[in-house]
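Dropping the structures in below, format is structure tokens.
Across the two complexes that follow, chain A remains constant while its partner is chain B and subsequently chain C.
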Partner chain A sequence: MNIVGIAACTSGIAHTYIAKEKLMKAGQALNHTIHIETQGTIGTENELLPQDIAAADVVIIAADIKVGGRDRFAGKKIVDIPTHIAIKSPKALLNKIQAELGI
Partner chain B sequence: MLKELELKRHAMTGISYMIPLVVASGLLIAIGNIAGGNPALISDYKSSYTLWEAAVTLGVYGMGLIPAVMSAAIAYSIADRPGIAPGLLMGMIANAMGAGFFGGMLGGYMSGWCVNFLKKNIKVPIWAQGLMPMMIIPLLSSIIVAFIMFFVIGRPIAVASFALTDMLINMQGGSKAVFGAVMGAMAAFDFGGPVNKVASLFADGLLINGVYGPEAIKICASMVPPFGVALSWLIRKSRYSKSEADNIKIAFPMGICMITEGVIPIAAVDPLRVVFSCSFGAAVGGSLIMLLDVASPVPSGGLFIVPAMQNPIGFLISLGVGSIVTALLLVVLKKDAVEKQNDGEDDEEEDVDLSGINIK
Partner chain C sequence: MDLSTVIDKNRINLAVDANNKEEALNILIDMLVKSGSIVSKEVFIKDVYLREAEGKTGIGGGIAIPHGKSKTVVQTSLAIGRTKKPIFWESLDDEPVQFIILFAVRDVDSTTVHVRLLGEIAGKLADEEIVEQLLTSKKAEDVISIFSQDN
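Right, the complex of A and B next:
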């Protein structure tokens, strides 16, 4: 799958980046193309590129707070989860999404 | 129904916008007070004033802005950009009436919902579309929610808020220790998760009302788990596997900065014993904080803001004792780690219920 996503937690200094790492690792291990943007307290980092969003089969938003720039994903399939799910079982999450999308 | 309101997500958004402001304001007050010997607030800008007076005054301005920022961020989280204007206004009312942080939160929710309601239910002809975001929504939502704040809920919240503050200030001996223990245990319980956030929200709310003790408990309880785990590893290395030891080496410096999350990988392997030991140590630390009258005007920053606290030595004692208790409990309760054959990657995943996840 081609995956893009956003990670954002409340304090914006720890969970945000752990969630990103876990999703990236799981995605690469399962041979998906994955890009995750972080919206921490420092601001947006690794901002998603328009071509990556365009190519994405699914958008994963792992956030405990409101994320910015949702309008970029108009018409995309979006999965909303809290960060702890991405941290605790990223592979199971990706496999479930893949199964539901059937690709 | 309650879940659809997403109360928690909005509150968390509010807090995430508020934290940098609280830290900056709290530190400004602390620095000005320490360096300038409790300088007076600037009341007249036409006469001269010192650098430290300026620092403390700015800090106090910042603290006064907190209910407004909290309220605006919650309203923004609910209703996007149109929420900000009424949200800021409701926070200002809450601050002025003495309804503080909790009044600000409520004002934020009401502003957000009101804006969403107006957006959905007011229909205007095409030529007036531009007036909706420019005039109709900001004006109507501000009037409606301001009426409720001024004349209905503002006063009761202020009274409740004063009563709570009074009660905490006047607590003595045993009840102080119990309060400290409960706050400490809650703040450490899930290493930065939802229970911690409840304790944290409570402490932040009291901070705005001028009660600084709970913030010190929160800071102490956020640092006891990483310090305690690191200490137990130093005492008895055999209790941890090699990969756990690597995690501890990262968790400790994170702990210095008051980030508890580094302990999560350790707790994930052996949750019951680690959570119990950490919460118990943090409860002991929290009690000591209250009994030694430690207080922190700054809500986060770890060891770096200890000099800014009231009774910094007392803080270090509480943190030290709490960490030692956690460490000893871990040494006693934990079994020796079994080295796994396949120690390649942290491939293990917890079983999480994924059935509620929908793809939209």
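Right, the complex of A and C next:
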């Protein structure tokens, strides 16, 4: 799958970055193409590129707060989860999404 | 990655003698007071528990990342402790915790390089190999070099 996503937690200090890395590692291990943007206390990093969003089969928003720039994903399949799902079972999450999309 | 601004071996204790979360946090926070990273222990504890109330800081695999963004923090820094025995901690995998990384973040420090470093350190905890190394590290210097590795 082509995956893009956002990670953002309440204080924007720690969980955001763990969630991002967990999703990236799971995505790479399962041979997906994955880009994750972080919206933390220091602002947005690894901002998603329009071409990556355009190519994405799914948008994963792993967040405990409202994220910015959600309008970038108009018309896309969006999966909203709290950060702890991404941290606890990222591979299971990706497999479930893949099964649901049937790709 | 130069972590020396946030990690110091004087704030790493690999033999924390604690029976529970409260005792462990107490020992870690004392290290922050001693190094001058925070001024008021009472104020900081309150801010750490405020964050604890918002959601689990045990991220699974025996690791916890309590954090406090607080007015009483003078310098954004980490205190790291490994308890002699696993202790109860609210965790994503409902398992006990043995390795605790306490993040002390300055209230006004929202864009500095320090906070960025903390994010990078947190990201490393997504790697099971790094977690295993931390749980079995022998001395404070080992912990610093584990976190200093570039991905």
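In this text, the second predicted complex is superposed on the first by the 103 of 103 C-alpha atoms of A that agree within 3 Å, B and C clash if a C-alpha of one lies under 4 Å from a C-alpha of the other, contacts with A are read in each partner's own complex, and residues count from 1 in each chain.
The rule we apply is simple: contacts are C-beta pairs under 8 Å (C-beta built on N, C-alpha and C of every residue); 3 or more make two chains touch, one makes a residue touch a chain.
Just so it is clear, the model here is predicted, and its values are computed rather than measured.
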### Query
Clash or fit: how do chain B and chain C relate after the overlay on chain A?
clash
### Message
Once chain A of both complexes is superposed, is A:11 in touch with chain B (first), chain C (second), both, or neither?
### Response
both
### Query
In the superposed arrangement, which partner chain does A:101 touch: chain B (first), chain C (second), both, or neither?
first
### Query
In the superposed arrangement, which partner chain does A:88 touch: chain B (first), chain C (second), both, or neither?
both
### Of chain B and chain C, the chain that contacts the larger number of chain A residues
B
### Task
State whether A:20 touches chain B only (first), chain C only (second), both chains, or neither.
second
### Message
With both complexes overlaid on chain A, does A:38 touch chain B (first), chain C (second), both or neither?
### Response
second
### chain B versus chain C as contact partner of A:65, first or second or both or neither
first
### Query
Which positions of chain A sit in both the chain B and the chain C interface?
10-11, 13-15, 18, 41, 64, 84, 87-88
### Task
Using the touch rule from the top, collect the residues of chain C that touch chain A in their complex.
51, 54-56, 59-60, 65, 67, 69, 92-93, 103, 105, 110-112, 115-116, 118-120, 122-127
### Query
Where on chain A does chain C make contact in their complex?
10-11, 13-18, 20-22, 24-25, 38, 40-43, 64, 84, 87-88
## Note on the structure
Listed in rising order, chain B residues that touch chain A in their complex are 9-10, 12-13, 15-16, 19-20, 76-77, 192-193, 197, 254, 259, 261, 264, 300, 349-352, 354, 357-360
### Summary
The residues of chain A that touch chain B in their complex are 9-15, 18, 41, 58, 64-66, 77-81, 84-85, 87-93, 96-97, 100-101
